[in-house]
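Sending over a structure as structure tokens; questions will come in a sec.
Chain IDs A, B, C, D and E follow the sequence of writing; residue 1 opens each chain.
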Amino acid sequence: MSILETTGVRTESVVHIENVSKTYGSGSNALLALDRVSLDVQRGEFVCLLGASGCGKSTLLSLVAGLDRISGGTLDTGGRKVALMFQEAALFPWLSVSGNVELPLRLQGIGKAERPKRAAELLEVVRLGGFADKRPHELSGGMRQRVALARALAQNADVLLMDEPFGALDAMTRDILHDELERIWREQNLTVLFVTHNVREAVRLGDRVVLLSSRPGRVIEDFTIGHERPRRIDSPEVSAQAGEITDRLRAEVARHAN
Amino acid sequence: GSDDDGNKKAGTTAGADAEATTLKLGYFPNITHAPALVGVSKNLFKDALTGTELQTQTFNAGPAALEALLSGAIDATYIGPNPAINGWVKSNGQALKVIAGSTSGGAGLVVKDTIAGPADLKGKKIATPQLGNTQDVALRAWLKQNGLNADTNGGGDVSILPQENATAVQAFAQGAIDGAWVPEPSLSKMLLESKGKLLVDEATLWPNQQFVTTHLIVSQKFLKEYPGTVKKLLKGHIAAVKYINDNNADAQKAANAQIEALTGKALKEDILTAAFKNLKFTNDPIASSLYTSAQHAEEVGLLKKVDLKGIYHLGPLNELLKADGQPTVSDAAAAS
Amino acid sequence: MPTEPPAPMKYAGARAGLEGAFAPETAGLGPEPQKIKTLNPDEVSGLDALELAPKREKGQLGLRIWHSAWPKLLAIAIVVALWELVYLAEWKPAYVFPSPLDVFTTLKDLVTTPDFWDGVRLTMTRAITGFALAVAIGTVVGAAVSRFAPLRAAIGSLITGLQTMPSIMWFPLAILLFQLGEQAIMFVVVIGAAPSVANGLISGIDYVPRTWLRVGQVMGMKGLDRYRHLILPASLPSFVSGLKQGWAFSWRSLMAGELLVIVPGTVSVGVRMQNARDLSDTPLVISYILVVLVIGILIDQLFNAADNALRKRWGLTGT
Amino acid sequence: MPTEPPAPMKYAGARAGLEGAFAPETAGLGPEPQKIKTLNPDEVSGLDALELAPKREKGQLGLRIWHSAWPKLLAIAIVVALWELVYLAEWKPAYVFPSPLDVFTTLKDLVTTPDFWDGVRLTMTRAITGFALAVAIGTVVGAAVSRFAPLRAAIGSLITGLQTMPSIMWFPLAILLFQLGEQAIMFVVVIGAAPSVANGLISGIDYVPRTWLRVGQVMGMKGLDRYRHLILPASLPSFVSGLKQGWAFSWRSLMAGELLVIVPGTVSVGVRMQNARDLSDTPLVISYILVVLVIGILIDQLFNAADNALRKRWGLTGT
Amino acid sequence: MSILETTGVRTESVVHIENVSKTYGSGSNALLALDRVSLDVQRGEFVCLLGASGCGKSTLLSLVAGLDRISGGTLDTGGRKVALMFQEAALFPWLSVSGNVELPLRLQGIGKAERPKRAAELLEVVRLGGFADKRPHELSGGMRQRVALARALAQNADVLLMDEPFGALDAMTRDILHDELERIWREQNLTVLFVTHNVREAVRLGDRVVLLSSRPGRVIEDFTIGHERPRRIDSPEVSAQAGEITDRLRAEVARHAN
């Protein structure tokens, strides 16, 4: 894609990424993490990102969230509210589980009485109803991840960026949260950019599945998932499409390895 | 100190003339300690202390010097009357003896020039160097004589603030206090630099215009063990006092040079001259003023009854003075 | 259960202090995998843990007090015994090195004078006011310096520079600015303690893990909110340790500063201490040293309680 | 490339200091997602980043020095201008409030005397020796206290208590123990500074994340190894900030302690400072304040360099 | 299982867990995380642990590693060297990637010259050859996990406990590391206790797969995997067995939910 194509602003796209590059460090230590990545996410779309470990998925999310500066290209989220659920749970140890979820509510100016109620609802969504008063260090790894999810949802953002949110969960809990996430996404007309290593998960959830190559990260393929919702992760269609994507990914990794 | 220093015990002779191998002498780099300054710079002590090595140690304030003497870090020191009394009282007369006078005079009440007399002092703030010290007692006694009262906590007709000299000079210069009863060279500094007015020259309050400012003390232990060395020290001291009184201008210069060597900074010429003029250097410890001052302190409630009897040990001094043809001094309470 | 239970925290904190102290110890001893650990399962699983727990806790409270008290008592006993020994050996005359008994008699006389307590009250009032002021100013300056790069470049190093200045050197300036008012003392105290507080905060802020900062940024925290909900709590450990240092500085500065202004009526601890020294009254000097030490220790206990509560909340102590 | 590059660290550290300072700032301003960010891709990706980088770095070096210098220069200029203004307004007489020119003349005279430099040398030697001693003792005590619970209970609070003691109160004890030797000064300095160092270490150790402790335990770290490879590096940030405070305390204690033993010949900074005060020589007092301040600032810069290198290594500053 | 069964010490088992219970907290906050768990792992065995999020898997590993005290029961590792790879990477930020891997070597007293070589080999095993001089914060989530794996391997322990070691890795990298882990396990005759949420992974790697129930954790099933090695994760046998185990797990979670 050349820069010359950049004409006009596409108002329909919520996240507009065009030729975005990202270099970490400088001098002989420089590392080109992303190389001219272009991607458009439409309003209400659920896009999943797949790629090998270290290919730049987290980097891309943090650029979209405005946490890092891009080294080149154009990035536009139209000033929308963006929430990011980090790869590590990164809960605040000085707050209880409920306090962590309440914090974004508080920042939105939601009243003192309302907050615990909303937080309790969200914790119920992630199946942690009884843990509101625990401290983060008293939770298991998967539980922390779920609290982080509840916290991200509490931000009530237009765009939700999720970095391997269900990586530490067992299949059953994961299934439940897939359903919940899909429900919330529908009800609130969210736009979601979802990073995962689980191809089935990507097919289960995404409208589109985008493949990134490794070092430097580049978009190498953009699959549209046509199956009707609600989908089941163990349905034959999902399996078939996941197999197809896995093959493409495997080929890419193999290409890269040689 | 002399007590635990083994090689020092190997004095030259035993008995009444026993001498130590070293003598540790303390003094301040301060103009009121001029005999020490001159004695050290002109090698007068060294000349007198044949066979004994002189080690000098300077201090910035009386309490530190006294602490050093009490703990045996020094054997003798020039010091003001107050720390000497304190040391005497606290050790129940066991720690030290005054063996000679050094300096007299050079203190007084400096006030802002808007104050004309004692009556104007009502409601004013006056600083003294330290609660219960000579100047403090003098001020309180003088106020009492003039019908003004002041309590020890800074209350009363006149508010008395115990303030270190440097702070008092600063505070006076900035108008934060209305006056101060201070010794030299702060006195001259306030008069010359801050255009203060000398309301009371303390000398005028004393018989013969004399009162003790500095004297020479020695630890009793050292005195007992090495009377010979003490005698030689006194010899040097007498020579220094004599030198100052005979060659005033030269002594001033020597004292100031020594101050500069010790502190890195000399006194200003005009202050030096003024201070020297106000001070008298004498071998007389002016015992009467010490007793009277202590009595005043009792009267204004600053001291419990103290017994200063025996604090002086002037025998060797008088012996030397007599030999030198100078008048002897007395440790009697009323000299006049 | 409240979301942030402050009351039970304190108690938990006091306890955590001990266990936290033990933790590295046991950790140090136990890096090797256990050979055989056997516990009767009845002990815990056989009985209802809920029923069992309160009883154990109560028993532990007495134990805990004893655990925290005996080393202190022992330490004191050892020191006093040594002191008495040196005294009995007549290393120095009694007026230079008094016996413990002398000192304790003096101390007893001292603390039974109402006058003394007036002085303590005056000094503590000043200390607390001054420290509070120093904390307020130090926090604002620390936050500002850590936030604005030009400010950090301009005065960052000055903060530590100021701190190295002996309090006594501030006297002329204090008198110049505030004459001989209480403010002059406050000035000396604040300028002594505020830099520590600021430095503690700056260092804490500098070491806030980047992930948390990013979380805050994603949440849209700005300005005050960001400080209140993220920076301050995250840098609290370092801040508390800065406060502790600041307290030490402010107390020392106060002892010097109190020689500046003597208030009619009550004589402050600083002045009394100086007087004791001027009078070469060794037992009294030691008595004041003990008084200052005890105050210092008591205040430190407060800081420790805060610190332990913090560590407990952060999950840094074992269950 | 060496595994642990110490040399480039320093430089990187100096730079990190600025950027680190900016980071919260930009973070504070930028929590809202960017509207449109456009950068010509040619700038980076079009050219070889490796080729481009050194050029940019070189340009940035000059810029960086300027960036770190101008706020300081501006701050100094503002202070001096205000000072001159107040002087010109004749608020106080000149001998109380001297003009900047007076002071700078005095300062110039001062720093051109070789004698003065002898004093600085003497004092700095004492400061460095004393501080080194305090660090050694503080580290050992801190490690011991944080490791052994009974020790913590016994003397943990005493550490802060000692720190609140004005240095001057230690004089009698120092004289008693060490007569009037240099050791007496060292005693005062060490007892002033060691508690800070110990406290910094203790607080650092207390806040070592539990996960790291567990990692160390699993690796079988024991005793010294555990301190060397885990506890000390993990608590380094807090330790460095303790060192910084310790430096301030040791310098202040030294200024007091130098009045204890006055070595004829070379006169230490502490004595000179006290004398300037005794002489009420205001320009000289201010000159010494400036000298002490500059020394304090220079030392602080060293600590900052260490701190920045540390933050860089820990990944707490942006690229 | 009752306590009465406990007769004699089985010398052949490397990790002997018998009726082990673990309670966190006390009083009204007490939480029984593990309830009388019994498990024996034989020398050279590869045992996988499966269970819902928060069921006590990490707790069990930390008990075996001697990091926490058991509340009841018997736990015996015969004084063997135990290495634990934590759920979070927990690298030391003050050390470079290579430094992190070298640390355990250093603690074993391996010489200065030897260490970097050994570390480089191990980093090659986890496919991070070029990252020896980076700092942990410069790595992606998956890369950090791999460094942690290299560090755990560097400990040269008899027993290797692994807590979701491959949770943040893409399928391809995971496959590679499965092979590498299997190789090392074989060559060094390691005993491995491996926690995962990926049932296929468990079947791919394990000699046995042990299922834990939720709150309190209890052993509910112990599958022996008979397929011959080398196995492939996408082979029909592995899929079939994984399906079976998933069903059992699903049933258990469902039972627990009601």
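Following the convention adopted for this analysis, a contact is a pair of C-beta atoms (placed from the backbone, for glycine too) under 8 Å apart; a residue touches a chain by one contact, two chains touch by 3 or more.
Bear in mind the structure is a predicted one, so any value in this text is a computation, not a measurement.
**Student:** Expressed in steps between touching chains, what is the minimal separation of chain D and chain E?
**Tutor:** Shortest path length, in steps: 1.
**Student:** Can you check whether chain A and chain E touch via the same residue numbers (shared by over half) or via different ones?
**Tutor:** Mostly the same residues.
**Student:** Specify the chain most distant from chain A by Cα centroid.
**Tutor:** B
**Student:** With centres defined as the mean C-alpha position, give me the chain C-chain D separation in Å.
**Tutor:** Whole-Å distance between the two chain centres: 21.
**Student:** Any idea how many Å lie between the Cα centroids of chain A and chain E?
**Tutor:** 27
**Student:** Using mean C-alpha positions as chain centres, tell me how far chain B is from chain D in Å, no decimals.
**Tutor:** Each chain's C-alpha centroid was found; their separation is 42 Å.
**Student:** Averaging only over C-alpha atoms, locate the centres of chain B and chain E and give their separation in whole Å.
**Tutor:** 82
**Student:** Residues of chain D that touch two or more other chains: which are they?
**Tutor:** In chain D, residues 30-32, 92, 96, 171-172, 176, 210, 217-221, 277, 314-315 touch at least two other chains, as defined above.
**Student:** Two or more other chains touching the same residue: where does that happen in chain A?
**Tutor:** Residues 24-25, 65-66, 81-82, 88, 137-138 of chain A touch two or more partner chains.
**Student:** Where in chain B do residues touch two or more of the other chains?
**Tutor:** Answer for chain B, listing residues that touch two or more other chains: 67, 71-72, 166, 170, 174.
**Student:** What part of chain A is in contact with chain C in the complex they form?
**Tutor:** 62, 65-67, 81-84, 86, 88, 90, 92-96, 98-99, 102-104, 106-107, 116, 132-133, 135-138, 155
**Student:** Looking at the complex, which residues from chain D come into contact with chain B?
**Tutor:** Where chain D meets chain B, its residues are 92-93, 95-96, 115-116, 119, 171-172, 175-176, 179-180, 259-262, 264-265, 267, 271-272, 274-281, 284.
**Student:** State the interface residues of chain C toward chain D in the complex, per the touch definition above.
**Tutor:** Within the complex, chain C touches chain D at residues 18, 20-25, 27-28, 30-32, 67-72, 74-75, 92, 96-97, 146-169, 171-172, 176, 195-196, 199-200, 203, 205-207, 209-210, 213, 216-223, 226, 231, 237-238, 240-242, 244-245, 247-249, 251-252, 255-256, 273, 277, 282, 285, 288-289, 292-297, 299-301, 303-304, 307, 311, 314-316.
**Student:** Which residues of chain B touch chain D once you look at their complex with the stated criterion?
**Tutor:** Residues in contact with chain D: 1, 29, 56-60, 64, 67-68, 71-74, 165-166, 169-170, 173-174, 186, 189, 193-194, 261-265, 267.
**Student:** So in the complex, the part of chain D that touches chain E is made up of which residues?
**Tutor:** By the definition above, chain D touches chain E via 1, 3-4, 211-212, 214-215, 217-221, 225, 229-230, 233-234, 236, 310, 313-315.
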